[in-house]
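To start, the structure under review is shown below, and the notes come after it.
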Amino acid sequence: MISKARLLAGAAMLGLAAQDAPAAAQVSGDTIKIGLITDMSGMYADADGSGGAEAVRMAIEDFGGEVAGNKIEFVVADHQNKADIGAARVREWIDRDGVDMVIAGPNSSVGLAVAKIAADKKKPFIAIGSTSSRLTNEECTPFTIHYAYDTVSLSKGTGAAVVADGGKSWFFLTADYVFGASIEKDTRAVIAAKGGTVAGSIKHPLGASDFSSFLLQAQGSGADVLALANAGADTINAIKAADEFGVGQSMKLVAMNMYLTDVHALGLQVAKGLYMTDGWYWDLNDETRAWGKKFFDRTNKMPTLLQVADYSAVRTYLEAVKATGADDGETIVARMKATPVNDVFVKDGVIRPDGRMVHDMYLMQVKTPEESKYPWDYYKLVKVIPGEDAATSKAESRCTLWTNATQ
Amino acid sequence: MPEALLAERPVPASAAPLLSVDDLEGWYGESHVLHGVGFDVKPGEVVTLLGRNGAGKTTTLRAIIGILGRRRGSVTVKGVEAIAMPSRLIARLGVGYVPEERGIFASLTVAENLTLPPQVKPGGLTLKQIYELFPNLEERAGSQGTKLSGGEQQMLAIGRILRTGAKLLLLDEPTEGLAPVIVEQIGRTLRMLKTEGFTILLVEQNFRFAQTVADRHVVIEQGRVIDTIPNADLDANLGKLKTYLGV
Amino acid sequence: MVDIASGSAAPARIPATGGASRDAAALHRAIFIGLAALLVVAPFALYPVFLMKVMCFALFAVAFNLLLGYGGLLSFGHAAYFGMASYAAAYAAKVWGFTPELAILLGTFVGGLLGLVFGALAIRRQGIYFSMITLALAQMAFFFCLQAPFTGGEDGIQGVPRGKLFGLIDLSDDRALYVFVAIVFLGALALVYRIIHSPFGQALKAIRDNEPRAISLGYRASQYKLAVFVLSASLAGLAGATKAFVFQLATLTDVHWSMSGEVVLMTLVGGMGTIFGPLVGALVTVTMQNYLAQFGAWVTIIQGVVFVVCVLLFRQGVVGLIAKFIRKPL
Amino acid sequence: MATLFGVPLQALSGQLLLGLINGSFYAILSLGLAVIFGLLNIINFAHGAQYMMGAFVAWMLLNYAGVGYWPALLIAPVFVGLSGVLLERVLIARLYKLDHLYGLLLTFGVALIVQGLFRNHFGASGLPYAIPAELSGGHRLPFMFLPTYRGWVVVASLAVCLATWLAIEKTKLGAYLRAATENPALVQAFGVNVPLLLTLTYGFGVALAGFAGVLAAPVLSVNPNMGADIIIVVFAVVVIGGMGSILGAIVTGFGLGVVEGLVKVFYPEGSATVIFVIMALVLLVKPAGLFGRTA
């Protein structure tokens, strides 16, 4: 059995044109090895998945496959949304395969588990798809960088922007788990601060295929805004049902966490008019359009926030390696935190001492089919949410790395 | 009863056997139950399989119709080798089967039970004829099959294979657990069927009943045929038979 | 079925005669020693954390197999004991500062206690209905874990300290933890082996093969069933609690019904009703999960194919097949 | 306004109706599962995947062949049914003499494969499928706004359930099926081609799942995982109704939809778990299920 396992492993590695490094190989060596652990088969596989891996490859190609005289290698694995699989994979990558930096796609439990391991092993860890704000609060480490977004950026910015836009009275439809609860909690705080009210909320079980019952209750509340604090198929099914039951006629629908691919899956006919927060959009400016097109040519899909963030994160990391000529975690993370990020993903993004990358978010509205002029023309920009408004403040932070720091 | 049913038809004495069983072995799971059973049944004959509980009588019938897990040897029906056939094709050779416990379907009405077995050969009785034979069935055509009395269920079990055109009938203990008056009625039916030209292989425990209908008795013990007794000689062999049967 | 000759059928499953079983026992002892030797050498060739994961799942599968293979009871809810124990141990270690051995004991106890409650309800039914009750109860346990604040919802309990064994030996070193897990694993395996070959185990097999007959022989079938259920749940708990220390986390995955499905797969692949089958099954399954991860979306497809192939071709499982080949129980 | 536990009765009526609509899906799916279990003794874990296939076939018909909803409602189930026939012939037929467990494991493996293949090809976030123009819009009932399509779901599902029930209870083929469910060997010994009957029954049960899939496509996300979530619930429905009981599956399907609908009002978090609570209770009190014949 063991030899079979090795054989399989070897075959897998070959398939990705990467070699299984012998156990003796140590971190430095003459390669820089990047590992992407993400959901390649579950509900987030479209938002990140193989497209995310492609984005990482694009970043590596930008460097010509080499940095500071070192060859860049890349490995990718499916965590199957199981924290133990993700954790085991990453441990082995670092301990045996000499992976120098780990980047993680969606799923907070995997993200949190990997953050711990990376910190133990003193390797930079860049969380892309994890939404849990614990990564940069209670569980912050010197090696974790939370790059794309978190529950705070989804809730704070959206809450403030929608209230300012006239949505005073809210109703929450919240997935019954930590992600949903924390989004609801953070958004409630912002709504209260901005003078809005919350008319009610419902917790629905994860993977509840039918939402009509919840929507009817929401409609009955008389609120102006229906906030969907859920994700993936739950959000899609809720929006479909909302369209069917005409909820949009009396309420403003706000999806607290949605990707471009979800809008694509829904179709504009159903998704039209929906408000949502995104951290990036391919059609923002010439630079984003150019990169989006490049990505599209390779994957036949426009990139999502997560995928562009994968690209940007790897670039930022490689820049740091290039600048310092080092590959040890402390040096690299210090360099990354000291250097503003400027690329197709963000302008003047700052990685704070708690590891949170602060960058602008965008309140978007989904176009109607009539407004959409070309394929993947889905969003209207409603409002730019400044980075500072979309992140925890130092006063709110529960990351002792930051709160105890003197700066 | 229609006249046609009662018309006498003599049995040709030296006809080729309709059913021929030779060196038949059979298993229930791992346990070997039949160890080379062999006998013939000629067209128009009524033959009983006698033997103690567990001797292999029912198993022999099940092996003939092909619903035993594993069997080996030879079973020919009208000269066609059936040992490798699935049971549905054996039935299509013109074999009708009345299982032990009658096999009435609880989820079917009496009428549905009656019309369930498909026609396997032309010339079966019509539904009308069957109802004339067993008037009780017509009265209760709409009720659940298993709500019938034991005797009625037995009539249903026999009636439904008469419809199919099968001329070789395998009956497994048709009199078991029935009141004497019903047993008598079944006996009349079987004798009538014989005169109609049906060939019948009967499993019986009750040799007194068997005596009233059968031409020959095949005695089975421990999965083998140990004796064959013509009905005419039955009284003469009564002592021997009682030993076989342990009565 | 009056006519079935019953005489020759029944004794087929009676345990082998003295000589043969002594033979088998010697073989089993050799395999145990071989296994222990393998565990000593393995970390030099394979990644220790991976091996520890295999051992945890192997123990889980052994626990499950005790119930299915020897008790004849198919549980669809074993994730409940595994996962709840994992949470209990993780919480005790992280929040109450329990030492690893105490936390694992607590986890085992929680698994067993839950098994006692669920088992007492489930053994009142048989066959598929038994399985369905275990599934229903496990779904409730999942719901509890989802709702209870201490589990951390989908984030799970993270960053569980490995701590110091008996307050002395630092388990944060993978090698130390490896030795500890290997000892727990071998110990539990030996325990299960003893149970199976004890009079209790013989009675279980008698009940599995023919419950009415066992009852008529004077066995209180339901007490035996409950006892094996609790044992199995406790061992599943031991596996789950140990796993919490290996990965330093406990998450909803461990209580989800698909985990209950996975353990069925492991047992089936390895060979149910064999002592060493679940080990092989766990090794194959965990290896697939770990090393097929690079294939991305193909993981589930390959797993599905393995399922289908096993059901069609290797119903006795890998070890069952070998056992048949060498004509000795394994 | 009249209220019950603080919920206006009007709103409650709306929730009951919605429950009935959801129950429609449970009813068709559990009906297929029950028919298959009754005759084949196979617990068809692939049912969810086949439901998903129905939705995807409808989507493919629309997007690749320009075939709309109404023809798809017929074509997709036939297609899914045929795939079921193939599956039964090639794989399942080898398992009839074995324990239930193997059938369950085999179909579980098949479900993994099918779901994985669709996910590889179509991605995980789902595809849009519009409500047919004839059924868009809705009606304002005294207590709620009812989208026409949802009304159609109930009507279609009731019609299919009724037709299936009639076919099984009142036709000759149905009589074969019922008889073979009780005693397949005897029915075979009467000259009926039981293996063919098994194949057709599996195909039909699977076609029902495909039908439910097409019905669901416009209201739910056409997603490779859509069946994985529902299958366990539908299992529970079948068990509560009594394994293999046709009427039990239908009645319990609609009934549990309603119960779930009520729970969504009073304790929404628990709505996914309530069915399992009911299953445990029913099995402990009435082991054969509400409509089951024997344990």
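Which chain is which? They are A, B, C and D, in the order written, and residues in each are numbered from 1.
As a working rule, a contact is a pair of C-beta atoms (placed from the backbone, for glycine too) under 8 Å apart; a residue touches a chain by one contact, two chains touch by 3 or more.
Everything numeric in this text was worked out from a predicted model, so none of it was measured.
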item: Per Cα centroids, the chain farthest from subunit C; value: B
item: Chain whose Cα centroid lies nearest the overall Cα centroid; value: D
item: Distance from the mean Cα position of subunit B to that of subunit A, given in whole angstrom; value: 76
item: Chain centre separation (subunit A, subunit D; CA means) in Å; value: 36
item: Separation of subunit C from subunit D, taking each centre as the mean of its C-alpha atoms, in whole Å; value: 33
item: Per-residue multi-chain contacts in subunit C, two or more chains; value: 147, 297, 299-300
item: Residues of subunit A engaged with two or more neighbouring chains; value: 41, 45, 49, 176, 206
item: Subunit C - residues contacting subunit A, complex; value: 42, 45-47, 49-50, 53, 146-147, 152-156, 158-159, 174, 243, 247-249, 251-254, 280, 283-284, 287-297, 299-300
item: Residue numbers on subunit B that touch subunit D, as the complex places them; value: 65-67, 86-92, 97, 99, 103, 105-108, 112-113, 115-118, 120, 161, 164
item: In the complex, subunit D residues that touch subunit C; value: 43, 91, 94-95, 98, 100-102, 105-106, 108-117, 119-120, 232, 235-236, 239, 243, 269-270, 272-273, 276-277, 279-280, 283-284, 287, 295
item: Subunit A to subunit C touching residues, read off their complex; value: 1-2, 4-5, 8-9, 12-13, 15-16, 40-41, 45, 49-50, 75-85, 87-89, 91-92, 95-96, 108-109, 112-113, 116, 132, 134, 139, 176-179, 181, 206
item: Residues of subunit D that touch subunit B when the two form their complex; value: 172, 175-176, 178-179, 181-183, 185-195, 293
